[in-house]
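The data blocks that follow each hold one structure.
Heads up, the next two complexes both have chain A, just with different partners, chain B and then chain C.
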Partner chain A sequence: MGTKMKVKNSPRRILYLYWRLYSQQLKAMMEYSADFYITIGAAAMTQITGFLFLWVVFSRIPDIQGWGLWEVAFMYAAIYVSEGVGSLFFEGTWRMLRLVNMGELDRYLVRPVPLVLQIFCTGIGMNGLGNILIGGSIIVISLSHIDITWNLQTVVMAILLFVSAMTIRVAINLAANCSAFWIRSGGNAFPIMIHNLGEFAKYPITIFSQGLQLFISIVVPFAFVSFFPAAAMFGKEPWSYWGWFSPLVAIYFVLLALLILRIGLRRYESAGN
Partner chain B sequence: MIAPAFKKYVSLARCSMQNTLAYRLSFILNFLASFIGLIAMYSLWQAIYTGQVQLSGFTWSQMQAYLLVTFFVNSMLSYYSESSITSKIIDGSVMMDLLRPIQFQKARLAETLGSCVLEGLLSCILIGLAAIFTFGISLPHDAGTILLFALSIVSSILLKFSIVYLSALLCFWTTSSFGIYWARTSITNLLSGALVPLAFFPGWLQSVAMVLPFQGIVNTPVTIGLGMTEGTDALQLIAIQWVWIVLLWLLGKWMWSRAVRQITIHGG
Partner chain C sequence: MLYSIKKIHREGRGIPLSLIETRGLQKVFRQAIKDPGLAGAVKHLFTQRYKDKYAVEGIDLKIEEGETVAYVGPNGAGKSTTIKMLSGVLVPSGGEIIVDGLVPHKQRMENAQRIGAVFGQRTQLWWDIPVRESLGLLRDIYQVPADQFKQNMDVFTELLGMESFLHLSARKLSLGQRMRADLAAALLHDPKIVYLDEPTIGLDVAVKHRIRDFIKEMNRSKGTTMLLTTHDLGDIEDLCERLVIIDQGRIIYDGKLQEVKDTFARERTIHIQLSSPIPDAEELFRGLPEVQVKRSGDPKGTITEPQEGLALSIRFDRFRCTASDIVKRVMSRGEVVDFRIDEPSIEEIIRRVYDGKLDSAALSAAGKGSA
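Let's look at the complex of A and B:
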């Protein structure tokens, strides 16, 4: 990485750059307004059908291993919202394949702007807006159906859990899409496979085998996006204290993702001229 | 006279099969990605069935068979085949097809069927493996059911193609394919009975699903394969599948004739 010119990357500068890069993409995006509405609508529809599925299942049974409809709906929605945040604000991670295969990363490497920031702002997934709107509503409705005593501690915890969960999801997206450095074929489905592991975290993870539980808690920590936050919020023993590990897991996975990106970059062959 | 016309499409199908083999890594990864969904659903239903003998007429062993058959049907004509139709439209290579003496709709069907052969084989292997680890799956025993089941699977693939083709043509009016793909998938999954058997639906939703074409994709083969629909009832369901196939095929033909007027190709 050619960082010959040292620029101080203060948080303020990063935020400013992010905003500038992001608004450029937004302008490009608005050129195709039909797509804009279709993707938002499609994302919303996907979630509504997902919720209908839960509702149909729970109309036949009272609970799944002690988890009621709204508690599972909360986890379901948490996964969708995190997907939405990943798409709406960090969609660029999903464009890594193109960046690497077309050699577009060259352009990014010579700019005095942090590489990860530029990758994040390579695109905007408007489907994210649909995810956040519907997923957010489901979360709010779920919380209103569940008895939680709101005090300073629960509010702080909720914020902490939310920020960690979103960070973990974006880091997972970044790490998975770095596979582009190794798998060069046009339709790399590896990131989609990792993305689909999120399916496991839509339900109480105790329904899965022990190995799988460990896998989605540590290796690809989707459980910290939905299950552990839910357990912490709803006081589900014995996992209610695991939620406090969320920030640590977030830091661990961000570092891991950056490490994978760095190793991947060493394999990157630029497109030449 | 029919033979040479047919031959073109057979070679298209073969081409698409070879294409799939050439990109086998992404093909297999795509497949494993949907297999993850199957494992999640399997565990979920297993947890749901603890302490339950029967839900909406489904025993646990029937539900296991339902999940496997659904996976099989869904893996036919996967995203892989679907995106090969939409990307032709999005990137403009549809122009090449306009120059050739072939019909777009038939050509895409031929290609889809070609890769369906491999998709079918791969999912049979995975389902076989899954079946080894899960016991007590109820599968059809008598020859009549197996025959009807096979027939309904073939019709289901054709029906799914007709629906996918229509939604793919919508890409002529939009400039990206993801939104349409997501919308189609979520509607198909819910109303075909792929997420949850239609028998679980409340009455009104079930009636809505039954008058739409989607139920022919999953519900028909599943209920026939599990022996829940037999004899003339099964034949009736297959007949409904065919009514939809013909109707949607004609609709696809009409839409194509409108869509080609919509083409914008930049450069050349």
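Let's look at the complex of A and C:
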């Protein structure tokens, strides 16, 4: 087995291929510019109304279990932004049902490129751009209202938590959509259900029962997308140290998602000609 | 992978592996059993019953480097499933595969780098971008060096006549154009092995020839090993010396095209045109075994035979008497104006195999005889 046999996929090559595949999708997408603006606008509107609702709630009550308006707004927006990143850059996970049922994975599987990369680049969810813009703005505004001393340490920490949070979200999307290998019909119901669990993580999870807290911390760790990073950033004892597990949770869930994909592929049946 | 290779090596006792080798290859699909109607669907929600369907049921196949092999069989025989396992798309349910020293589904990317695949009705190209850009993208995916890319593009464009549609997106191509572009896409990185699943399906004669010439040229000039499934007998006769017939997930014949013809296409029909009718022509062949005579006066006679009794169709087994025997006997009684000999088409032979009219044991014996 010679050396030339190995397919080398350096991080640089992966990024380059991602860009190549992604920009092809973008080009194809630009042809339908009307849809483009409408989807972005619709996504932004949903978030603004959500945030207004939050604002109304907090105008009546001062805090939720020790969390103020801007702190909750931050978590709220963190979930939105992660959803946006998942849509804008990794929308392909949501196309798995089609890839599996229509046998379109065949094409991906005969190429010397990681399957996950090809799945990611199967589509682009422009609505994600709206999520990121509005969600990002809310995060910035929230942080300006919250007392954090910004220094090198907190900046690095914030970046680390952010990257982990986005990774966890994408890994959850991937794992949930692998249901396509098991559930042949019924559309996206299962992954959408998993997706909606993210709603719980928009609030301090201490308001929920113990079981639910554990569920969204360990089984489907949305709490590590919003609640735990927020607790770590804002120094919310006794939860703050939990936030430091974020990178580990990210690694754990990525591996889990890849494992599920692998097991799913054994069940892949392609489609008849 | 090491485990599997070792196993095959051990069993093979030092005999080198073929380029493609499978042993007892199986694929089982699970099918839901549903009773008809809404009631059946509701019932299925609660009591799920499944049955296992063997799409491929124990296939032993060896293909050597540089061979062009036709893999034929009726719809649902397991052709595509085999190809998809060989190319690393499907994970086998049992048995072993080694392709160029690799286990395709385990070393998927390494395997992918050295194979090309054309899956008949599904395109490898990007739907919305020009063919030229699709090929450029594939160049990056397979890391084809610039000079090799340019050379292949020039050759393929010429051989496949792609110049006129390189600037169009796959969406806008005709079926024939798309298939040519797909072939180019599959061979761009000079793969060692190419799997072609129905490469000429639905194409007109001119495009078919173009594609066959291309396949032959690649096999000749680059030594590319080709495994193709097809329903087109022209493809088989034109491209392949070796024929593998599969039915219900099993190989029922593997050998030379000529041998299957010798074994199962023994009968010939001589069509003779006479200047004047021969009464009781049947009497001519008394003593010759299994000879059947048909006259143009029979209800099945065709309009090209104008006068009753002037045309004879004589069917015989070419291993039991010779064509000259037949013609000599006819000539002894009348003047032969014209004659021609028909042999059964491969289509006919394969159809018989499909219909189960041929004894599969005899077939496999013939196959072994050729090995």
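Quick note on the criterion: the second predicted complex is superposed on the first by the 265 of 273 C-alpha atoms of A that agree within 3 Å, B and C clash if a C-alpha of one lies under 4 Å from a C-alpha of the other, contacts with A are read in each partner's own complex, and residues count from 1 in each chain.
By definition in this document, a contact is a pair of C-beta atoms (placed from the backbone, for glycine too) under 8 Å apart; a residue touches a chain by one contact, two chains touch by 3 or more.
Here the structure is a predicted model, which means the values were calculated and not measured.
Participant: Looking at the overlay, does A:111 come into contact with chain B only (first), chain C only (second), both, or neither?
Facilitator: Once the two structures are laid over each other on A, A:111 reaches chain C alone.
Participant: Please indicate which partner A:27 is in contact with in the superposed arrangement: first for chain B, second for chain C, both, or neither.
Facilitator: second
Participant: Once the structures are superposed on A, label A:42 by its partner contacts, choosing first (chain B), second (chain C), both or neither.
Facilitator: Touch status of A:42: first partner only.
Participant: On the superposed three-chain arrangement, identify whether chain B or chain C touches more chain A residues.
Facilitator: The partner with more contacted residues on chain A is B.
Participant: Name the contact category of A:241: first (chain B only), second (chain C only), both, or neither.
Facilitator: Touch status of A:241: no partner.
Participant: Tell me which partner A:19 touches in the superposition: chain B (first), chain C (second), both or neither.
Facilitator: Neither partner.
Participant: Is A:182 touching anything from chain B or chain C once the two structures are fitted on A? First, second, both or neither.
Facilitator: neither
Participant: Do any residues of chain A touch both chain B and chain C, and if so, which are they?
Facilitator: Of chain A, no residue contacts chain B in one complex and chain C in the other.
Participant: Enumerate the contact residues on chain A facing chain C in the complex.
Facilitator: Within the complex, chain A touches chain C at residues 1, 5-7, 9, 16-17, 20-21, 24, 27-28, 31, 103-107, 109-115, 265-266, 268-270, 272-273.
Participant: Of all residues in chain C, which touch chain A in the complex?
Facilitator: Residue list for chain C touching chain A: 29, 76, 80-81, 84, 87-91, 101-102, 108-110, 112-113, 115, 117, 119-124, 126-129, 133, 137, 140-142, 197-198.
Participant: Tell me, which parts of chain A touch chain B in their complex?
Facilitator: 32, 34-35, 38-39, 41-43, 45-46, 48-50, 52-53, 56-57, 59-61, 64-65, 127, 183, 185-190, 192-193, 195-197, 199-200, 202-204, 207-209, 212
Participant: Chain A touches which residues of chain B in the complex?
Facilitator: For chain B paired with chain A, touching residues are 23, 25-26, 29-30, 32-34, 36-37, 39-40, 43-44, 46-48, 52, 55-56, 80, 83, 173-176, 178-183, 185-187, 189-190, 195-196, 200-202.
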